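Each in structure tokens, the structures are laid out below.
Both of the next two complexes hold chain A, though its partner changes from chain B to chain C.
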Partner chain A sequence: MEIRVNPTRMELNRLKKRLKMAERGHKLLKDKRDELIRQFLILVRKNKELREHIEKELSAAFAKFLLARAVMPAETMEEALMYPTRRLSLQITKQNIMSVYAPKMQWDEEEAAEGEGASIYPYGFADTSAELDTSIETLSGILPSLLELAEVEKSVQLLAEEIEKTRRRVNALEYVLIPKLQETSRYITMKLDENERGALTRLMKIKDVVRSKM
Partner chain B sequence: MSTYKIAVVGDNDSILGFKTIGIDTYPASDAQTGLSILKKLAGENYGVIFITEELAAELEDVIKELNKRILPAVVLIPNSKGTLGLGMRRIKDNVEKAIGADILFRKEG
Partner chain C sequence: MPSDDTIYAYAVGRTRALEKRLLEKSQIERMIEASSAEDVIKVLSESDYANALADLTDIYDFEKVLQSELQKSLELIKSISPKPELIALMALRYDVHNLKVIFKAKYLGIKSDLIVPAGTIAAPRLQSAVDEEDFRDLPDRLRKACEMITEGFPVSRDPQLIDINLDQALFEQLLHDAKRLNNAYMEGLFSRQVDLINLKTLVRVKRMGLDREFLKKALISGGFLAHDRLTVFIDEPLESLITGLSMSQYSELAAEGIRDWIDKGTASRLEKLADDYITGYLKKGKWSPFGVEPLIGYLWAKEIEIKNIRLLMVGKINKLPSEAIRERIRDVYI
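Moving on, here comes the complex of A and B:
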């Protein structure tokens, strides 16, 4: 399949320029895709590890939590957890991974009014069960990993999206635009050659006619 | 740089513990409530939303939409009944989308 053009030298020059440009773009995009995939693989491995770790830890925390719920009256439980001693605030900046903007997170734990050195447990130990303590300890222990997981997973998603887009562009250039341009410039060259041959034959013919009349 | 909040959405049993470490909790037991909460949170100043897999399974469309934006990051967590493997599936899907073939989990399955 070729682009419909006038078979002229000017058109041929234009096509050749376009072809050069397309090839350069193709090379650049291909490099971009390769680097994106490299970054992606690093992140995705990290993502998998973090997720495995977190799923294990969280399940343990939940199991303890359920136990605590079972041995404590629901009201006591609600009451114990009603006023958290911490407030989390999250600072998010953008980081640039191969011109894909992904969030980078930093967090602060602000201690609420109680003052310095308040423990992570928002309740007295008198009427709560020990399972609740361990459960909350695990939870607060994996918080950094949880946020890291959020960051990594988001980056992986955004990268996957970008890789798909870039790959599509690379393929469009490689299998559609570049062959089309090559095909068309070949067509023009053939047509021009054919015209030249035509002109030559015509000249020879005319020469014959003129000579025979002399 | 700006400040964001963190939320967790899911059934009450699973999310209650998160409150103590300073994360906002939004109990949702069915898809309907989950959907309206998620929509509300997406419009607000939340940077990370943790959502239980059980709930996420029913809200896939909204989550897919949110995944395309930079923020918020929606992260699936197992709930108190254990993991459904949805979070891992999502990693696998991402790999397949980017590379075209699954090269991370090949050995297991």
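Moving on, here comes the complex of A and C:
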């Protein structure tokens, strides 16, 4: 469908301006889309790597934890882990990836215990299983990666949304707006040409009439 | 009270009858081969646990059943024993557990439901003792440990201190009481437990990469193995620990358990062997007709049995392979 316009020269000029604008916008958006995809791919790759690493570590830690749990009474286990020795303070700020506001996390692992030499193991040795040690160690080591994964995964999600939006805009410009504008301006040009030809024929006709009367 | 040990005749007789109701090796074997946790319950329903399990609606609640079973046997043995104060020693552990829970809950500012009702001192009394920082009702050694914690913890805020101090105090108290009550058998039991815990602690501390000073603080006193002898090994490879122990009564256990720990990186074998070692020690007293030994043995056997059932249940619920369960199952007492 074309845009309904008056076939005037002024309208034609306006249309041409719009077309130029649309083409410029199209080019810009296309560049944005390409860059977004590039960033997206980098993040996705990182995400995959992190996830695989974490899943491997976590399943190992859980397996150990399970074994520790199997040889310790529930209350003893809970008591052992009741009071954590580490505290984590997390700050979330924004970072701008191609005008997408992705979260940026900064964390600080603090020792809740102020005395020196407080280990990551908050329990005594007498009635805890040694398998608990390994699992706590893995879990404690994995926390930074987990936070990083959270950050990357959220960014990937936000980027994906943005890419989808941009792509839709690019397509709308490329396949709808620009052809429509081109079509309409062609229509106006043709209409104007037609008018001109009409005027010309009329002039020639008048000229003939005038000449024959002389 | 007559010093004559025949006062135990009745209690030992009753214990003999109770022993018969412990799970046998064949039953354990059937449970290992069971295909699911429900099947484990089925096997248990043919045993002494039938009554307790009848009320079990959700298999995940098995932990409560085990706890109450353990408590029941403790109370039963206490009631038939002519010297309940000896049996009370076996329950002191739960007081220490409760103390740890109460202390940690207090410092975290939370309420905790991890209290085990099996202790010798009622939990509300422990609670008020901790709240008011008045530990007069507690046994001597525990009192001192509690005082140390109330002084030390607000400064260091290291929860490990609570556990370590109380664990040490527990065994000191146990050994002290066993000596006071003139019971060499129980003294031997506690000393051996201390040794085994210390051995494990040594390897664990070493694995954590902590130093000798820390180990010194973490070791429990009262064992046969002197601390000086143990702390030497912190800077040496684990293999030398095996040779170092080869002249002691723990040579076999060390050779097999620690070797396994080095090779596979898991302590499960050593932990199993440690429990089996204690079982082996207690078995020696099993046939003494006129003493507290069979009673203590029975309680230990019950504890091991419950450990085994827990292992089986957790294992089956989480679909551990039978082999992984079998290598962790403790030897039975009978």
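Just so it is clear, the second predicted complex is superposed on the first by the 210 of 214 C-alpha atoms of A that agree within 3 Å, B and C clash if a C-alpha of one lies under 4 Å from a C-alpha of the other, contacts with A are read in each partner's own complex, and residues count from 1 in each chain.
Heads up, the rule we're going with is that a residue touches a chain if its C-beta (ideal position, glycine included) is under 8 Å from a C-beta of that chain, and two chains touch if they have at least 3 such contacts.
Keep in mind the model is a prediction, meaning the values are calculated, not measured.
> Could you look at A:P103 and tell me whether it touches chain B, chain C, both or neither (first, second, both, neither)?
A:P103 contacts chain B only, not chain C.
> Look at A:E49 in the shared chain and tell me whether it touches chain B only, chain C only, both, or neither; answer first, second, both or neither.
In the superposed model, A:E49 contacts neither chain B nor chain C.
> So in the superposed three-chain picture, is A:E183 touching just chain B, just chain C, both, or none of them (first/second/both/neither)?
A:E183 sits against neither chain B nor chain C.
> Should A:E35 be classified as contacting the first partner (chain B), the second (chain C), both, or neither?
A:E35: touches no partner chain.
> I'd like to know which partner A:R69 touches here: chain B for first, chain C for second, both or neither.
both
> Scan A:D208 for contacts with chain B and chain C and give back first, second, both or neither.
neither
> In the superposed model, which partner reaches more residues of chain A, chain B or chain C?
B
> Thinking of the overlay built on chain A, is A:S89 touched by chain B (first), by chain C (second), by both, or by neither?
first
> Of the two partner chains, chain B (first) and chain C (second), which one does A:E196 touch, if any: first, second, both, or neither?
In the superposition, A:E196 contacts neither chain B nor chain C.
> Which of the two partners, first being chain B and second being chain C, lies in contact with A:S129: first, second, both, or neither?
After superposition on chain A, A:S129 lies in contact with chain C alone.
> Which positions of chain A sit in both the chain B and the chain C interface?
Touching chain B and chain C on chain A: residues 66, 69, 84-85, 121-122.
> Any idea which chain A residues touch chain C in the complex?
66-67, 69-71, 73-76, 78-80, 82-85, 112-115, 117-119, 121-127, 129-131, 133-134, 137
> If we count contacts the way the header does, which residues on chain B are in touch with chain A in the complex?
1-6, 13-14, 16-23, 47-48, 50, 67-68, 70-71, 73, 75, 77-80, 82-83, 87-88, 90-91, 94-95, 97-100, 104
> Can you tell me which positions in chain C touch chain A when the two form their complex?
63, 66-67, 93, 97, 100-101, 104-105, 107-108, 112, 114-116, 155-160, 162-164, 166-167, 170-171, 197, 200-201, 203-205, 207-208, 210, 213-214, 218, 220, 261, 265-268, 270-271, 307, 310-311, 314-315, 318, 320, 324, 328
> Across the complex, what residues on chain A touch chain B?
That would be residues 36-37, 40, 44-45, 47-48, 51, 54-55, 58-59, 61-63, 65-66, 69, 77, 81, 84-94, 101-103, 105, 109-110, 120-122, 135-136, 139-140, 143, 146-147, 149-151, 153-154, 156-161, 163-164, 167 of chain A.
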